[in-house]
Amino acid sequence: MIIIMKPGSTEADIDDVCRRVADFGFRTHLSRGEVRTIIGVVGDDRAKEQLLALQALDAVEGVVRILQPFKLASREAHPESTQFKIGDVPVGGRQIVVMAGPCAVESRPQLLAVAEAVKEGGAHILRGGAFKPRTSPYAFQGLEEEGLALLSEASRKTGLPVVTEVMEPDKVEVVAEHADVLQIGARNVQNFSLLKRVAECGKPVLLKRGMSTSIQEWLLSAEYVLAGGNPNVILCERGIRTFETATRYTLDLNAIPVVKKLSHLPVFVDPSHGTGHWEYVAAMARAGLAAGADGLIIEVHNKPEEALSDGPQSLKPDRFAALMRELRPLAEVLGRSL
Amino acid sequence: MIIIMKPGSTEADIDDVCRRVADFGFRTHLSRGEVRTIIGVVGDDRAKEQLLALQALDAVEGVVRILQPFKLASREAHPESTQFKIGDVPVGGRQIVVMAGPCAVESRPQLLAVAEAVKEGGAHILRGGAFKPRTSPYAFQGLEEEGLALLSEASRKTGLPVVTEVMEPDKVEVVAEHADVLQIGARNVQNFSLLKRVAECGKPVLLKRGMSTSIQEWLLSAEYVLAGGNPNVILCERGIRTFETATRYTLDLNAIPVVKKLSHLPVFVDPSHGTGHWEYVAAMARAGLAAGADGLIIEVHNKPEEALSDGPQSLKPDRFAALMRELRPLAEVLGRSL
Amino acid sequence: MIIIMKPGSTEADIDDVCRRVADFGFRTHLSRGEVRTIIGVVGDDRAKEQLLALQALDAVEGVVRILQPFKLASREAHPESTQFKIGDVPVGGRQIVVMAGPCAVESRPQLLAVAEAVKEGGAHILRGGAFKPRTSPYAFQGLEEEGLALLSEASRKTGLPVVTEVMEPDKVEVVAEHADVLQIGARNVQNFSLLKRVAECGKPVLLKRGMSTSIQEWLLSAEYVLAGGNPNVILCERGIRTFETATRYTLDLNAIPVVKKLSHLPVFVDPSHGTGHWEYVAAMARAGLAAGADGLIIEVHNKPEEALSDGPQSLKPDRFAALMRELRPLAEVLGRSL
Amino acid sequence: MIIIMKPGSTEADIDDVCRRVADFGFRTHLSRGEVRTIIGVVGDDRAKEQLLALQALDAVEGVVRILQPFKLASREAHPESTQFKIGDVPVGGRQIVVMAGPCAVESRPQLLAVAEAVKEGGAHILRGGAFKPRTSPYAFQGLEEEGLALLSEASRKTGLPVVTEVMEPDKVEVVAEHADVLQIGARNVQNFSLLKRVAECGKPVLLKRGMSTSIQEWLLSAEYVLAGGNPNVILCERGIRTFETATRYTLDLNAIPVVKKLSHLPVFVDPSHGTGHWEYVAAMARAGLAAGADGLIIEVHNKPEEALSDGPQSLKPDRFAALMRELRPLAEVLGRSL
């Protein structure tokens, strides 16, 4: 970290800051410019968080962070890309992984029909929400435990592993019994109690980016899971909130190369939530792969116009299958397989 | 709601949509423009959520919501402004209510010193975090239950009621034992499991706006609490995320008159988190009152430069007292008291 | 357009609005809901702009636009995709068009070196700024007319057509003498005087999206050029401003499929400005093509570390050539050629 | 500026950067951390802009700016607040200045009626647009020169000085003949050709913040005018673009205390454009003053529902007069006069 002193700060001011830094156990290094003095802080990074409080001193103009504040999630500390398996599906390697299924588990026939369809289309993992975070209390809130049981059944029938969302710490155990991957939704990316609990649980985690989470904050949320002893985290870009209203969110594909540079964790893309309109899903799925994503998560529904959640952004099974056929040669030309 | 058909949609398309709307139990009303046909949906609003799925039909261009999706939180349904008491402190009436205290409870001496100071300065309610949502897992996470006990002690000593944050459903009970108001932080504004639990608990709730929560979504989160049977909700604007980096967030004071128009709930302003710099707190506290806020929540620390959390945005006790002296005549000229 | 009346509005209020709408020359169509009456406006769209003023009436809750406000730019009015030629280079068809060159023309040797390099790498059009919009008055402002002459020379030597920015109406003529395509920069996307002048000039226009321009506003800016009699407009996405700071802007690739749906105009992508870092340019160039872009504009500099403008986002010639080799098979698999 | 080297950079890399910095005429100061070496650059600030290009070097991780890039606009260089007069109206001192009038000059009767009304209400300066930047080419574009003549007439009749917008460099002269203050609109805040021309003209300039202009960029635009020899610049906050759609823009009152800290220039607030709804204008006008603004600019129209531009955000004359009566005691309690 670097501490910038205000112009006109005295030697006593500078000494005071240096002493306080030393009290935290760090060494300092002074650099006197023509107008401002700059104090470099030397030492282990993670504990430096607290130095930000020095901005409260009258003589301090600002404190600038030089190093990224995450460690376990950083590629600097861990240059090899992380790879692991979900069931038999390898994540983070050459293979592009596609998760697909309905937004919400609505009924046994609906789930089984969609599960069969996405399997046939070539998906590797079945998605489906049993616990649903809904903006309105009057919207369908999910089948909850009953939905989890249906997901297990669909998984047995199709052989596809299951990813589903967990929304509160107390439900981690029961969700983990039925799911192969625990999804942390965008609205819970900074639900730190939940992050600590899924870390303990040990199952792979799909960590969606929040709609206003910076990439740095997102990686710090991943750091909570890694620091809790769970190394198997997939990051998933799903759109951020901007001024543009033509799409539901703004899918931020820039995040793919940025995360690939900063971190070793695999990155997926969710073009369904990212755009909010099924007509844009294929284009953004292609673009996601081309930007370097390791996988996709796509909403598929057999009757989108009757869906209890997110119908407008769901693909019909035949459109999903057509997209998969389109993505295969694209993956190949990008040096991946699908 | 209004359903806009694509140009070129046939009578069969229109009939199909009307039939589906009727299946949901609503009546329809056709309006044929030169280019597009528009289908108005007539009936009870809350259940209309699901009609949004009709956007998935090929012949439908869009579905436009006409009514606000919240009901209990709306001024239309409840024209009188909500008023209630926290201890002896009346909220939502003529009186401006000031909550003040440290970001985090750090120690007994720190909390007691700050509590005495804010009481002396004129605060009505003591704030202080025992459970802290921290972006980094390496930052101070709060004293938890020990912090709650200290808040209780400080409350007894000063006679000030206490507001403190609760971060997970399982902690609602223990927090409610020590707190007079339960704070839902910005990162949990759409933690629906938590909202449902604080609704059951019955204690007043201070519901912070999320950093990327629209005013409509914020009121829908309040609706979760109201619909759960708890009418005593205070909304608190604390800054949204924008492109501007000169302030930590962008305190959105426009939200005050907008919420006052749309809802009957009291609205507070948090200039400390909203700006992130103590130097801007006084100006934005004044502006918040002038915009029509019913109260303020302000961070105060006896040694901001040693604070374990949010030091740069904390006022020292003497600056807090000076601000209170400045706010009193301002409140008066605005027809309020402080 | 649809006019939503406030609940409790009287027959007289409704009549008043209908009469005002009729005075503008439109017909109305009433739809009475349980709570609100809705007035549909029937008639030619473009002149409806002024109806928005009816929101100022006390009895009116809001005015909702149903149709897109642009006409000549819309795919609805003009279903075929626009195609035209810049020199011999066909734009808007099967071929992907690549514009490349330095951010700013800095000197004769610099420009000629880069021009040769991008030609060799496979670029179709040479870019280079002679007039530079710089945030700071102390930054290099461009070689102006001298730069234009150098661009002409480079064009003659390489055979590449030239695209360069024009910043004020009075310079349109001189820029058009030296350029094959006139670029309107992001900061001038709503410089309507300039748009009117380039419309008259008749040369093809590359219209960059502003950093906070919605897609609808961007297409309305294109409409200024089309309505002025110039049909040859290329839209160019170059990144919007969001809260994320890891990239200089957030390149919004969602805009590609959205514009393709709404408009018949060709769309290009600028991954250099969009990300601000050369390390991310290749990934976002690939993603742009995969999302459906008709072309790219890429900054190339022989010595980025000495560039007078935008060095950090410029590719070196060998990296540009490598990117082009990578893009060719990608274009093919997408059904395009490069 | 500070140059951060990548971990693993060699002595040769560091020497190379230091040599390049020296070539630009600056001295360097090395600070070796445990992981990264940091190179401080010592010397005159303004010319440092170009050092940003060093980020293009492979061994450089980043270049961090320490000083604000503006100089003439900074309070550091010019601690006294700027004060000047527009006609007899003192700007930047104790007195709050109110500019009011219609968005657009539409006709002689309209302008004269509104001008008389705002004078009677207590406005100090008459506003009115003769050249109108309109998003759509089909919207009313202003009366242009005829509108300027009407403004002059209204000014003579009421004795109020006039502020009106100039949109292109070539019109600066004619606008300056009729106006006492030249307004640069939000869409032209980075129209650098225009800024240079109004600098030469010498008349006071009202510089609106762009809808996505950071405070730093805004002050750099002011720097263009100051560096061109014109010291009389008023900054005007008018709302930024965010995700929130309940208001047309998000009036960013945080900008007031930030600008007051960074700069000596007077700051005004435009609650009409900032919110886009007349119902919110009074609250945000009050809040603007309380935040420390030196003046307001408010849209007033005698028949807002027939306005050719921005009717929904215009106050009627009686509401304007009521607001002024409300603002006077508020100004007093803030230590200002109105």
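List of remarks:
Letters A, B, C and D mark the chains as written, and numbering starts fresh at 1 in each.
What we mean here is this: a contact is a pair of C-beta atoms (placed from the backbone, for glycine too) under 8 Å apart; a residue touches a chain by one contact, two chains touch by 3 or more.
Bear in mind the structure is a predicted one, so any value in this text is a computation, not a measurement.
Here C-D and A-D are compared, and the pair linked by more C-beta contacts is C-D.
Farthest chain from subunit A, judged by C-alpha centroids: D.
The distance from the centre of subunit C to the centre of subunit D, with each centre set as the mean of the Cα atoms, comes to 25 Å. Here the CA centre of subunit B is 31 Å from the CA centre of subunit D.
Remark: subunit A and subunit D have CA centroids separated by 38 Å (rounded to whole angstrom).
Multi-chain contact residues, meaning those touching two or more other chains, occur in subunit B at positions 212, 241-243, 245.
Against subunit A, the residues of subunit D that register as touching in their complex are 2, 4, 7, 29, 31-36, 38, 40, 42-45, 64, 66-67, 76, 241-243, 245.
Across the complex, subunit C meets subunit D through its residues 20, 46-47, 49-50, 52-57, 69-70, 133-141, 167-170, 187-188, 190-194, 210-212, 217, 220, 223-224, 227-228, 241, 277-278, 301, 304-308, 311-312, 314. Of all the residues in subunit D, the ones that touch subunit B in their complex are 212, 214-216, 240, 242-247, 250-258, 260-262, 274-275, 279-280, 283-284, 286-292, 329-330, 332-334.
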